[in-house]
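Chain naming follows the written order as A, B, C and D, and within any one chain the residues start at number 1.
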Amino acid sequence: MSAPISPKKALAEWKLYLFLVPSLILILLFSYYPAISAIYHSFFRWNGGESKEFIGFQNYAQIFNDKIFLQSFLTIGILIVANLLKLIPSIIMAVFIHRLSSTKFQYWYRVLLVLPMVVPGLVTLFIWKFFFNPNLGALNYFMEFSGLKTLLVHLDQFFGWGGIFLNDFPISWLGEPQLIVPSLIIWGFPWIGAVGVLMFIAGLQSIGTEIYEAADLDGIGPIGKFIYIEFPLIITQIRVIVVLMMIGTLQSFGMQFLLLGENGGPGGAGMVPGLWMFNRAFIAGEFGYACALGLCLFVVILGLTFINNKFLRVEK
Amino acid sequence: MILRKQSAPLLPWLSSACPCNVFASFLLVFALFPASSLHSESPLSEKNQTPWRNASVFLFNDAYAGFVKNADSADPMNRLGQAATLLNTQPRTSQNIAAAQEILLDLSQNPSPHSTLSKLSRFLLARIEENYLTPPQLGEAKSRYLEIVKDKTGIPLLELSASRLVALTTFAKDKPSENLAALAALEPLAGFLTTPEGTREFHLAMGLAILENEGDPNLVLSHLIKADKIGFRRKENVIHNWLVIARLSEKIGNKNLATEYYQRFINNFPNDPKTFGIQHRLTNLTKNGAN
Amino acid sequence: MNTPAIAKKPNKDFWKHGAILALLALELFPFYMMLQISFKDNKSFVQNTWLPSLPTEWLWKNYWDAMQLLLPYISNSMVVSVSATLGTLFFALLGAYFFARYKMPLSGALWSGYLILMLLPGVANIVPLFALLKSMNLLNTLLALIILGAAGGQVFCIYVLRNFIEEIPKDLFEAAEMDGASHFNQLWNIVVPMSGPILGTLAILQFLGNWNEFLMPLILLRDPQLFTIGVGLIYLDGEYVKDWGNIMAAFTVASIPLVVIFLFTMRLFVQGLSSGAVKG
Amino acid sequence: MEQTNNSRIWNLIGLGLVIIFFLVAAIPMVWKSFTQSLPTDSKEITIRFAHWQLEGGVRRAFDLAAAEYTKLHPNIRVEQLAIPDKIYVNWLITQLIGGTAPDIVQMGKGMSDERTTRYFLPTSALSTKPNPYNKGTTLENTPLRETFIDDMESVFSTTLLDHYGVPLSAFTLRMYYNLDLLQEITGSTELPATYGQFATLLKQTTEFSQKTKKRLYHIAASGDNAPSLIDKVFRSQTGKLGDGLAYDFLPSTRPPAAHLGMAFANGEWDFNEPSMRAAVTLLRHLGSHLQPGFMQVSRDDAMFNFIQGNALMMPGGSWDYSSISAQADFPVGVGMIPTPLPDEDSRWPFSEGIISDESTNASVVMAVTKESRHSEIAQDFLLFLCSLATNEMWAQESGWLPAVRSAKIGSESQSFMPNLNGFTGGFSPGFSGADTKRVVQTSIGLAVNPNGSVDKFTNHLNSEFRNALASDLERNAIAAKINSQRADTVSLALYVLSQNGDASAADKLAIQLEGMSATDRGYQLGLQAIKLLK
């Protein structure tokens, strides 16, 4: 903790405030000012230019009738749940690496894990987009090769999905409204996040070898070890990752924008709240409404964080 | 010369600057020196020019803001401007429309119910009743339009009232015969119209309205030909009128008229994508005529 | 299971290695595809989708083209990322020192003011930020990106550095103060030398963040001379006729600078990330 | 934190590398800004223009034109910004609002009436004077407007009553052939001229792939280019039907939605109509030869298949030619989209004959922005671009069609010349707008898939069409109503200005009056059609 300081000494140390000034100016100008300006402009009809017109709460009233915006929360909800499940491979990976006896291997595996992190995100994104390409993409090759395609075609016929999957037709992952959300979920298979794995490993390292030995003596198997020993120790890390992931997912729209375009792809099936805000601002030119949407999003995130802190808090 | 088989003659209705365009100059004279001048009645102050100019290029919110900034209850042109732009400022609200209506009602009586300003206001009021209110007050709108027509305003814009009346009658009743009867009652309105535009739009509207209700084709043709005699500025309107005349006369067996108008189209628009097909029709027409 | 002493013998590890390698292979598969396609043209790619072509048939021309296209963008990205990272760290270090050294009046309120920004969705700010930069005449400049990068990293870096500085023994500072060292001297002579690894980790993370940024550059930059790597890649994706070999070579070229830096600093990288510095 | 000496050295090397990279990148930048800041006093001016035409050759052609302009005006540099069309709208709107828009911008994407008047300078005043850059040519004394193939009709806004921008090119739709494959299949490189010959070719292709076991698409198609193909199929059969249903069918450039809609509501036609069934039969025939799943294939993927020699044909616009010829390593043939002749095949007996190219409108419209600091120069450059000599050179370099009359074109572009010796044809079921188009496109599989049939498609459309039509007409009616409301304010403003002695306002008003009645008539008709449909 920082040392307590008497008011008298603080007065003498006034120069210390100068240390904060540059950072504070940056924050005030580029974080606080825009945020406050967003609140202010959310009460205006504003095209981003000179002319603006005060319209009270009309923008907010409009949000509640905005089907696309409400629908986009459903989509993002599905994606968040999917992202939760997508944490599992990272946990498995961390446990595997942790249980290796060789520290040398542990280190090199971690290096290999981090490698994808330094490849620019856009490159990864575009390679995956290429994988989804109906004609050339690796995904459709795999579906054909593994016979999964045939299975899906049968399912389609059986359940009457309306011909999303047809023999002789390449699956159009990003071209069919019904397939867009599944595509976004498949995205990034096998879903190993380097940061997550490393943090889990860090958490696991606090387990002493004697605990494992004791567990072995009690005849606890590998799965039991995970449930009784390892999982409780990384629950803090999981919680942190979940919170970061939820906030990140709620805010994110770059991927949807680059993959599906500003309208969220065919049928708008990939529309997420952030993208809708972006769309209203930079496509429709309704900046005031976009500000209101952004604030709405902020409130949702704030609420989620609050709930999280209140109910998901895990004592260290 | 590519894309065109031959150089098209300079089409009068396409070129506003063409000196041979008698109609255009006629029109300009009318527009600048009308029977009763709005300019002399209520002059346009310098500072209101920019808002009016904004209103003329669709920048309604800017225009309205400009009028409000210069607001002056003694300046009728400013108030007219406020009312006119209120109709289209974003967002459209019923309050805006009501406010515009209030201003216009006042302007229609003050300073004088016979001024050009009053006529313009009443025309806008009729438009509001017809096209802005939910549900529309068509009865009021009709009586206002009729009143304006009978005023013999000599202003092309206001003479559109006659064609508005035709439009409001076209589908008013479910039975075409009733509509036709109501349309026939409007025929005398032509006598009140003095400007070429007003007359042309009235005849065009009448012709098409009768056609919609499957009335007498010859009556339709006479209306459309009257409109055609006055002429149009836009190419698409010329084409529309000529081809409706030609097709209708072909249908009722008036081969001469059909041939005349098809031929006119071919002569004037040799490079239109439709020309080939129309030439084909014309050939068929004359072939059958020979039989 | 019944012989705990040899529980961690390699033969048991064998399966773990297998599983890890399988997962890693899947994870790295996209980059394998990127590399092997980058040496092909469309024709050989269609004929032979999965395997690398013979080294004698490698099309180095793809790389030549990609370099010509991307080097200016990479150079812009380099300037922006390095400057923004330096700015972030310098100002954050100053700020963190302020918070860590003493509990100055108001510092509690200011601290909350920083923390709440973590929750603010970046997207909500884009629009007013755009208007702000417009009024500052910074649209279509790299300086805007540098400033935004420096401002954006403040909260996180100050948070991490404050925790770190607070853990430095207080007597070190006190001794220096006795010698009449100014705060800046204390920061420079005590904090900086001790925080090498944490600064390194933060630098890497900030650098990565700036390097990957594409939305603000896309919105703010107009002139191709100023494009950063992200914008360059998006423009490349917008071409109508796709020469996949060329595109993949461009992707590789875009990745090279960071991979090279990574090769030298990977220990720092891995340790930094593992140490939980980013726990937030 | 234990750090071995070794890893510290590595880290330092890494740091050193970053510094070297940084310096290499930053020094030239600083140097440049330093040296550039000096001669800014000299009158070097940069004009920028933005467009989304990333097709091969076009950028080169623009560069060439820019260089020519700089030759004439050594102090002016012209720079092009080629923006991918996927981000063009967002890019343009951002630049317009940010006040950083380039001097000249390609119009067409993301435009509204309000944006057009707010951000762009009209070219109406220029259009009546001759283009100074046409001096010494046959167009020397021709007003600018008449130097274009469409008399600048395509850049005239019927709502704003002004011309905005000038066009540079014209587009037509064609069928591309892989001549090597064609030679292999038919033994000659002669392109089919009629649908009958086309059908024979398709049959031969099927036999060819069976014989050689070669996996070959007959027609590489995408969701981008197939809809216009489908349109053409319907239009080839429904000419007489349309003419019988609506008196304004022939005069309109587009099928009159309200009248066709009313006729549908009155039960005067549906998809069991013999001509509609013939059209669907034709569609089924053609569709079975299109690349499977074509509605979901993207434009570049279809193109990829064609260029790789995986497909014999590809429908595409004239705009695709430059990209194709640059990429394909086989000779490319360009033919009309074949339409059936009358009496050619009893399965589609309603054919009138060859369907002509839909319009002769010019496109690739460039306009000067109001915010441009050098709008005079920008306008001058625009005039230079659309002068006879420059447009001719631009067209030959890009392989695109010129927009200027009497511009000579290369022999390659001859096959893209709009064909006017044909019928305009009938209507496609997607005539009324987005919703009917959607219904047709989403159910196209019922017509073309192996397990589909003509009946499946027509039955489906008979049941789905009514609602889609109603919602389209409703949307059109709302648009017409708003247009007519805006016309009220505008016409009054024009009248007031004309009374104040503004001659151009008087002129605009005269045109506006024609438009007002027509818009209102469209609105009334739409309302009537909706009433009947419900």
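Please note the rule applied: a residue touches a chain if its C-beta (ideal position, glycine included) is under 8 Å from a C-beta of that chain, and two chains touch if they have at least 3 such contacts.
Not measured: the values here are computed from a predicted model.
Student: Applying the document's contact definition, name the chain pair with more C-beta pairs in contact, A-B or B-D.
Tutor: Most contacts of the two pairs: B-D.
Student: Can you check how far apart chain B and chain C are, centre to centre, with Cα atoms defining each centre and the answer in Å?
Tutor: 64
Student: What is the distance, in whole Å, between the centres of chain A and chain B, each centre taken as the mean of its C-alpha atoms?
Tutor: 57
Student: Approximately how many whole Å separate the CA-defined centres of chain B and chain D?
Tutor: Computed value for the inter-centroid distance: 32 Å.
Student: Using CA atom averages as chain centres, what separation in Å is found between chain A and chain D?
Tutor: Comparing mean C-alpha positions, chain D is 38 Å from chain A.
Student: Touching at least two other chains at once: which residues of chain D meet that condition?
Tutor: Where chain D meets two or more other chains at a single residue, that happens at 86, 94, 97, 118, 304.
Student: Quick check on chain C: which residues sit in contact with 2+ other chains?
Tutor: 46, 130, 219, 234, 237, 261, 275
Student: Identify all positions of chain A at which a residue touches two or more other chains, and write them in rising order.
Tutor: Residues 48, 136, 278, 282, 287 of chain A each touch two or more of the other chains.
Student: What is the shape of the graph in which nodes denote protein chains and edges denote touching chain pairs (line, ring, star, complete, other)?
Tutor: Shape of the chain contacts: other, as it matches none of the listed patterns.
Student: Judged by the touch rule stated earlier, which pairs of chains are there in contact?
Tutor: After working through each pair, the chains in contact turn out to be A-B, A-C, A-D, B-D, C-D.
Student: Quick check on the complex: what are the chain D residues that touch chain C?
Tutor: For chain D paired with chain C, touching residues are 1, 3, 7, 10-11, 13-15, 17-18, 21-22, 24-26, 28-29, 48, 54-56, 79, 81, 83-87, 91, 94-95, 97-100, 102, 299-300, 303-304, 307-308, 310, 323, 326-327.
Student: So in the complex, which bits of chain A are touching chain C?
Tutor: Residue positions touching the partner: 1-5, 7, 9-10, 13, 15-17, 19-20, 22-24, 26-27, 29-35, 37-38, 41, 48, 89, 92-93, 96-97, 99-102, 105, 107, 109-124, 126-131, 136, 138, 141, 189-190, 192, 194-195, 198-199, 201-203, 212-213, 216-217, 219, 221, 237, 240, 244, 247, 250-251, 253-254, 257-258, 274, 277-278, 281-282, 287, 290-291, 294-295, 297-298, 301-302, 305.
Student: In the complex of these two chains, what residues of chain D are touching chain A?
Tutor: Spelled out, the residues of chain D in touch with chain A are 86, 89-90, 93-94, 97, 110, 115, 118, 223, 292-293, 295-298, 301, 304-305, 445, 449-450.
Student: Going by the contact rule set out above, which residues of chain A touch chain D in the complex?
Tutor: So the residues of chain A touching chain D come out as 47-49, 133-136, 163, 166, 168-170, 172, 175-176, 261-262, 278, 282-283, 285, 287.
Student: In the complex of these two chains, what residues of chain D are touching chain B?
Tutor: Per the touch definition, chain D meets chain B at residues 113-114, 117-118, 128, 143, 145-146, 149, 151, 153, 158-160, 162, 170, 243, 247-248, 250-253, 352, 356-360, 401-402, 405-409, 417-418, 420-424, 481, 484-486, 488-501, 503, 505-511, 513-518, 520-521, 524-525, 527-528.
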